[in-house]
Each structure stands twice: as structure tokens, then as C-alpha cells.
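Which chain is which? They are A, B and C, in the order written, and residues in each are numbered from 1.
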Amino acid sequence: MAGVLMKNIKKSYGTTAVIHGINLEIRSGEFVVFVGPSGCGKSTLLRMIAGLESITGGDMYIGEERVNDIPPSQRGIAMVFQSYALYPHMSVYDNMAFGMKIAKAPKADIEKRVREAAEILQLTPYLNRLPKALSGGQRQRVAIGRAIVRNPKVFLFDEPLSNLDAALRVATRIEIAKLKESMPDSTMIYVTHDQVEAMTLADRIVVLSAGNVEQVGPPIELYERPANLFVAQFIGSPAMNVQRARIDQTGEKTTIRLGERKADLPIPSPADMAGAEVHFGVRPEDLTVASNGNGLIDGRVNIVESLGEVTNVYLDVENAPEPIVVKLPGVQRFNRGEIVSLAAAPDKMHLFNEKGRSLLHL
Amino acid sequence: MAVTHATTGPAANGTGFASFLTTIPVTLAVMAIGLAVSIAGAVAVYALLAFILPDSRLLGAIVVMFLGVAACFGYFWSSNKLLDTFYPAAGANIAINLTKANAIRPWLFLGPALIVLGIYLVYPVINSIVLSFYGPTGENWVGLYNYQWLAGDGAFRESVRNNILWLLVVPAAATFFGLVAAALTDRISWGNLAKSLIFMPMAISFIGASVIWKFIYDYRPEGAEQIGLLNAIVTLLGGSPQAWITVPFWNNFFLMVVLIWIQTGFAMVILSAALRGIPEETIEAAVIDGASPFQIFYKIKVPQIWGTIAVVWTTITILVLKVFDIVLAMTNGQWGTQVLANYMFDWMFRGLDFGRASTIALVIMIMVVPIMIWNIREARKDMR
Amino acid sequence: MSTAVGARPALVWAVNISVLLLVAIWTIPTLGILVSSFRDKDQLVVSGWWTALTPSEQSMMARAAPPDEAVQQHGQWVISGNVFGENTGRVSAFGTSIQRPGEFEPGTSAEMDGGMITIEENGDYSITYPEQPEGRRGERLFFTSVEPPKFTTANYETVLFSEGIGQSFINTMTVTIPATVIPILIAAYAAYALSWMEFPGRALLLATIVGLLVVPLQMALIPLLRLYNDIGVGKSYIGIWLAHTGFGLPLAIYLLRNYIAGLPREIIESAKVDGATDFDIFRKIILPLSFPALASFAIFQFLWVWNDLLVATVFLGNNEDQLVMTGRLRELLGSRGGNWEILTASAFVAIIVPIVVFFALQRYLVRGLLAGSVKGG
């Protein structure tokens, strides 16, 4: 099968550049998720892989072949669109068979491949229906089936689940995961703005922002060792708390000063950063309530959101522009205005330099 | 097969104006061959059929229709095929081939339309301008003579005056009645039936409508039984019957009624859709604020559909400038009812003076130009 | 629509009545010619069509039997018979002079030319003279007869077979069918290129087409007439088909482009990924999906061509073989201006096809109108 290799890929519309030179290697058989806020260029990048968007600069390889000038149908890809993009006037069968018919494949082959795909996706009973007689989830399965029938080297998904309701989204997500398992050789590239999809599906996640790659790595690595503030705050919900701090001591371990309090972090820092301003980050779920004012941060309870399984508490902290969020397990009670002291394990703390780069990734 | 797509600019794959120029010969060649093949095919089949089939014109029309469609399709098919053979989407030159084929293909698709539009609309506009400087037969140059003549011509001035009257009255009245009909029919259970019936005159030809209304205006001398509805009503109310379409000045309005009657349905349908497109919340908010139905209509609904009202208005305005059938059929411009379109027709067919007729046509064209510009501006805003 | 609580019933009534009035004004004129076209042509000229269902009173004159048929009865000479002759009818009044045909009730007697006349309701008359009447001709009898409503299809037979409307109907068909179909395909391809293909000058071309939408036909007539004569097309069907194609094309392209450009881009891209060429995409995706827009334009063009007088007058001849229905109607208005039985029947034949098309396909027509005009509104 085939991987995808991008060398300094660029895209601009007229004079506005939207992709600023991306280098990325996607290995054969890998499930890679592009994630990032809306408008950051995920779709554009995916569509350049598909050949639906011309490439302004750089080289794109699928397998061994440079595909910059190859039309979509000859790239060995299949694409699943957010809106399903089913042909409304064709039956499910014809939708899935369209590509092979265009390629003038023998009838028997078409029949066989369509039936196989329908079987995998449990669409066999619906083969003669028109798309409008299907539910949203079934339509999405037809779109996936259409991709399977093409037997592509690379599957491309552009936010395939965002038109489904919450319950169906979970179910279809699991189906896609199973599909990937049953086709270990196929490379899959999946675009989403939903980090849960990204975390659950991906072998590796590519975090994009404003046309640049912020970090590439397995989901847990991104969660535990975000390369920069953007990734740190993008992955995880609620987002990581970030506060201003100053480095007190550098070395194998770093001591920082947060207001009056001090903390030792198992993060190395270079000597020239002594006294430097840094961003101190800690995830809401890594904070705990410390007994009587022994914590790292003190805050005044402002809003309490009880979700049952967890309780999110928003605290106002002196000199901090944003409230601090704490995510505590189960149901917990607080009074508005109450002062709460928060603590965290040192290995759950993150440090970022002035430019937002993690000290772990310098 | 395309790598570049709808939204990607031609600049994206490096084709500038210069490389566009280089594709012209191939484009023309492919188009020409495609056209030649398909027309020749159609003519051959036609000749064969004409040889076999008995002479029946309706049958002939149907055959020609099918052949025309087949020829069109043949052209598109063969020219595309030709292009794909010329620049195959495979092999070593695939990138160059695709770029070239993609630069040429749109012109193959557009070709027939451009040719027909060129011959039937663009050329005539230019030619009319030229002809307006020529004499009756279009052969001898007369300079500005036709314009001078026009400036001093009484019938022309009458036509302009009447056209202005039509322009003031018809669009306003049709839009007004259309708005009222739209607002009222939307509130009743049998509204759709009512709409259909008010909309129906749209399907009737101007000449048919003229017969219908001439019958209504029919006049019998006083004392005789009136068979025209209008005079019957007038006599019933104690008035004396009139030959309505000969009453100076006012007869213009009796002709306008015909067009208003036809166009109200059009205005109604479009305005009704616009009214239904108004967000229900704005109306509900007004209801809660205690506005009466009339206030809601004039203060909440109408302001929100100004854009559509303007579109309806201009559409009818253009139609008014072009209408001649009604005047031709009802009065043929007598009794002070001449309008530009009919006057032009008059000079073309009775006067046999192509120079003067072209000059009058140009005047109509000039009156349309502001609307044309406005339309283009609106459409361009839309198409972004 | 918004039926808020407490809508006043008076207002509802007012709305219903207003709409009824509007509908009446917009349908009665057409109803008028429909009813008239089926009326007996003698009744048509003497009474309004709205009285068509009530018996009409008509002043009549009949001639009594000649005096030499008088027979002697009880010492008097009597001439008798029936004013309706062989037919039957009802007399509502009679008189003794042409000015006053309604002077006397039926069954009463009146003095006339030295005799006494009585006309019964059923038309039986008797004139009694004291002496034997002289003269060769019978007396003129004036009476008002009540005619029952008479409906007939004779008017239609006349116009269809002897006034040439039938032939014109076929001519109109001959013009309309090809002139409706030919532009559609040409326009659809152009609309696809303008929507989904990229080429230099696309925006300019679109603007030009929007501009051409409003070019008055009057501009085109003379140059094309000259061109046709120069290249020898003259007055022919092929000439008018192409002319209608040209004049309809801007609207066709505009309507279809609006529709085709609105089709989901992902469907077209999906087809490209599936390996379809632009030509395949057009045939297999665009054409089937654009059916509503194609139908809208087809109806527009059909109505426009069917109802057109101007183009037909300029590009077709006046002979039996080429005169279309609108042209024929115009001729009849000139030559048969007072013969309403001919005019109404002809007009009705001319408008019935578009009206049927209109009611059958109104949905598409409305959709097309909206696509063509609400843009920008």
C-alpha cells in the first residue's frame, strides 16, 4: 500500500496564503487525524492530497509517485465528504458502483465489490433505495461504502461525522475504528475539529493552526507533552489553565514562582532562562483541592457547573486575567465567594517559554 | 478530467493570458471539427428522412427537433472526444495535457451558446447603431438625419409621452395589486386557488388578452343593449356608454389595464414568496408589541422586502418598454395611443424605413440601459 | 400564516371578500370570451354574455298569412296562424308598430289596420276583419319573443375549419416545439461551464449575459431580417427556430446557471474522484439533477414562443403555411372586428394550450420565476 509524503506544501488563493509550507510523512497503513480550529486549512490540505485543489508549491507524493499533476481519479484515493455527497438521483447500488462504471469495469466485478462493501457496512437491504430514503447514519455509511468500492490506497475523510447527531456520531465513530482494523493496510487520513474523534481514532494526530503544523504525535503524547501553548490548550476539555509565572531556579528541575508561592517542576530548563517570564500550565483535571490554604493557587469560587460525573469549578484568581477551572470527580459542593486552595502533582505541570514553546520541546 | 477546479484561479496552474492565446487555434479547430461532424450528420439524416417520409410539416418539425438535439449532443460529444484524444489524461505529458485540455474544454461547452448569442443579440445591437446613421434601405449614409427627424417628429413625441405614462402607471399598479393579492391570499384557506386564478393571465398572449379586453370595452350606441361589460355597468349605473379606446388621453389607461391584468400575477407570486421568507419572529415581535395587521404589513413586512419589490418593478418596467402587441391589437397607435415599440414596428413594416426604425429601437435600448447596468451590478454581488 | 390568538372575525371576512373580488376581476374577462364563444351568434350580438343563461327577449317581426287566405267565420273574416311558423317559442308581448313591439300583453286584442289582432303566448295569432281584407301581402306582426338560451359549437367549427385557425394552430406548434427544445441543451452546457469550470473572462461573460437579458427585441429585428435576406434564409421555420433560440438563450443560461451553480460542490467533486470527466459529470450528474430548472425554462420558453407575435411577424410569412395563431388573431381583429363569435372562439383556441400547460406545470413556472428574479432581492 502507500503512504503520503508532503514536502513544503503551500497553497494560496490569489495573494492570500492559507497553507504555509507543510512537511509531513504519513506512513502506509497509518490512521492520521488532522485536527485544528475551523478555518485553519485542514480541508484544504486534505483536498490537495485528493487532487481537488491545485498545489501552489512543494511536492506531494502518494506511494512513490509525485502526484501534483495527477487527476484525483488516478491518485488511488477515495474521499468521504462531510455532506456525504451522494448522487441524489442514483440508488445506493449505483452510487457505490459509479466509479467502477466510469472506469468501465466488468459488470460482474462491480457487482461483487459493491455487494462486499454493502455487506461490511450492513447496507445490503438498502441497495435499491435512493439516498433520500435513508437516515443520516445510513447515508454516511453509503458514502464510506462508495470509498471502499474504489479500493483505494488512501482513504480521505473530511469531517464525516459532523452532520450526525451525538449518539449516531459515537456509533459511527466506532464503526470507522472497526473499519480501520479490518483494513490494516489502508492509509487513512481523517479531518475533524472534534478532539474526541481525534483522540479516539488516531494513530497519530496532526494539529494544525493557521496553515501550519503545530505538533505531530500519538494522541497521549499530545495530551501529556504538548509542544506549545496552542496544542496544550486545544487538546483537552475544558482547556488547560495557563498563568504567568517567573523562573526562580533553572537546571534539571525548574523552580517557578507563582505570585507568592513556589513550585518545583521535573522539567529541565537552560541556565539563561533564570528569572525569565514563563507560562505555567496545568489541566483542570490535574488540579485538586488542597486542605486549608496549602495549595499552589488560591481562588474565589465564582461559578460551579455540576455535570454529575464531574464538577467544574471556575475560580477568580488575583492578578490572573482568566478564571482558573478545576475539574473534580463526582458531585461536589461549593459556596459562591468561598476561597479554595488548589494543588497539583509536579509531573502534571507544564511550562512554556515567552513564545509559547514547551520547555520539554526546546 | 480536471485537476484545477471551480474555485482555483487560472493563475494557479501557471496559465496566463499568453498561454491562453496559444490554446485558441486548437480550440477553434476542435470546435469547428465538432460542429462540422454533427451538422453534417444531422443534414445527412434529414436528407434521408425527407426522401423517405411524406411531406408533413409538423412531423418535419419533430424530426428537425430531434436532429437538432442530436446534432447539439453530437457536437459536444465529438468535440470532447477529440480533445481527449488530442491531449490524453495519461502518459508522460499528463500534466501539460491536462492543463491544455482544461483551458480548452470550457470553450467547447460555451461554443454554440456564444455563436448564437453573438449572431442574434450582440451583432444586432451593434448593427442597429450603425443602421441608425443610414437611410431607409440601410445603404446610404445620412449622418444624424434620422436623429434630427426624430427630434422634430410629433408621433415620436407622443410615443415618448405615452411610454412615460406606461412606465409610471403599469409597474406601480401591477406591483401594488400584486402586493395586495400576495398579502391577502396568504391569509386565507383557499389562497392557493386564488393565486392560481390571479396568476393565470400570465399564460395568455398579449394579443389574446387584447381580444379579451376589447370585448369588455365593446361599445354600442346609446339605447342599444350593451354587450361590453364595462358599458353595461356604466349604463346600469345611469351613465352613458363610451367608445373607451377612442377617448383621447384616457384610452391609454384602458390599454394599460390589459398589461396590469397580465402582470399582477407575476408580481404576486414573487412578492408572496418574499413575504413568506420574512422571519416569522419579526412579525411575532410586532404582534407582541401590539401592532395592528395593517401596521405589521406596512411597517414590518414591506420594508423587509424592498429589494424584491425593486426587482419586480424593474422586470415589469423592461416589459413595458418592449410591449407593442397590445397597442397594435387594440388601437394600432390611433387616437393618441402610440408607443415606441409599436412606432418602431410601424416604420419597419409600413414605412419600410430601416434607418428610422433602427433609431427608434435605439431609443428603447437607451431607456433600458440603466436597468441593465443595475441588473449587472446586482448579479455580480450575488455571484460572489 | 400567523393566526395569532384573537384574530378578529370581521377582518377575516374582509380579507375573504377582498380576495373574492380580486379573483373575480382577474377571471371574469376570460370567462366572458369563453362563454361567448359557445353562444349562438345571433344571441351574442344582442345580449351581454352574463345573461347567457337567462332566456333572452328579442324583438321580432313575422308576416301573417296573405289576405286571400282569410276564412269567413261568424260573419267575420279571420286570418290565423302562428308567428313562429314551424318552430315553437314564447311571446311575451306584441305590438302594432315596429317602434312598440311590447305594447300589449299576449292574449289581449288590439286594433290594427281596420282589424283586431290577438296574439297568444304560444304564438297563435288571429286577425279578424269585419269585411274581406284585400291586398296581396300579409300583415307584419311585431312581437317580443322570449328565446331560450342557445349554446353551440358552431363558432369553433367555423374558426377551426374555415377561418384557418386550425392550420395556424399547427403552424404555431411547428414553431414552438423546436424553439423550446433547442436552446435548452445549448444553454445547459454553457451554464455548466459558467458554474463549474474555470477560464479567463468568466465573470465578464456572465455580466454580458445578464446584460443581454434585457436587450429589447426591437434592436434585433432589422439587422437579423437583413442578415437573413442576405444569406438566403428568408422567411422560414429554421430561421424562426434559431431566432427564438437566440432570444431565449440569455434567460436560459441565467436560470440554469443559477441552479447549476447551486448544486452541492461536493457531489461534483465526488464524481471527479470517481473518475468522471466534465462531459460525464454533465450528462450523468448535472442534467438529471437540473430537471426542475430545465422544466422551468422549458415552460417559460414555451409560453413565450407560443404567445409571441413580434418575432413571428418579422421572421415568418403571412401565407396559410406560416401564419401562426397570434398573427391570425391579429388579422381577424382587423378583418372581423365586429364578429365576436369568431374572435372569441379564435382567442380561446389560441389561449387554451398555454393555459393548460400553465395549470399543469405551475409549480415549475413559479420556481423558475423565483430563481430568475428574487436573486438580489
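Note that in this section a residue touches a chain if its C-beta (ideal position, glycine included) is under 8 Å from a C-beta of that chain, and two chains touch if they have at least 3 such contacts.
Being a predicted model, the structure only gives us computed values, none of them experimental.
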item	value
Between A-C and B-C, the pair with more C-beta contacts	B-C
Distance-to-centre winner among chains (Cα means, whole assembly as reference)	B
Centroid spacing, where centroids are CA-atom means, of chain A and chain B in whole angstrom	53
Rounded Å distance between chain B and chain C, as computed from the means of their C-alpha atoms	22
Computed distance of Cα centres, chain C from chain A, in Å	68
Touching two or more other chains - residues of chain A	51-52, 71-74
Contacts with two or more other chains, residues of chain C listed in rising order	269, 272, 275
Shared-contact residues (touching 2 or more other chains) in chain B	1-2, 4-5, 7-9
Partner chain C, residues of chain A touching it in the complex	50-52, 71-74, 77-79, 81-83, 85-89, 98-99, 102-103, 146, 150
For the chain C and chain A complex, residues of the former touching the latter	264, 266-267, 269-276, 280, 284-285, 288-289
Footprint of chain B on chain A - complex, ascending	13-14, 51-54, 56, 68-74
Contact set on chain C toward chain B in their complex	1-2, 4, 11-12, 15-16, 18-19, 22-23, 26-30, 32-33, 36, 44-50, 170-171, 173-174, 177-178, 181-182, 185-187, 189-190, 192-200, 202-203, 205-207, 209-224, 226-227, 237-238, 241-243, 245-247, 249-250, 253, 261, 265, 268-269, 272, 275, 277-279, 282, 303, 306-310, 313-314, 321, 326, 329-330, 333, 340, 343-344, 346-347, 350-351, 354-355, 357-359, 362, 365-366, 369-370, 373-377
Chain A contact footprint on chain B (complex, rising order)	1-5, 7-9, 11-13, 89-90, 94-95, 98
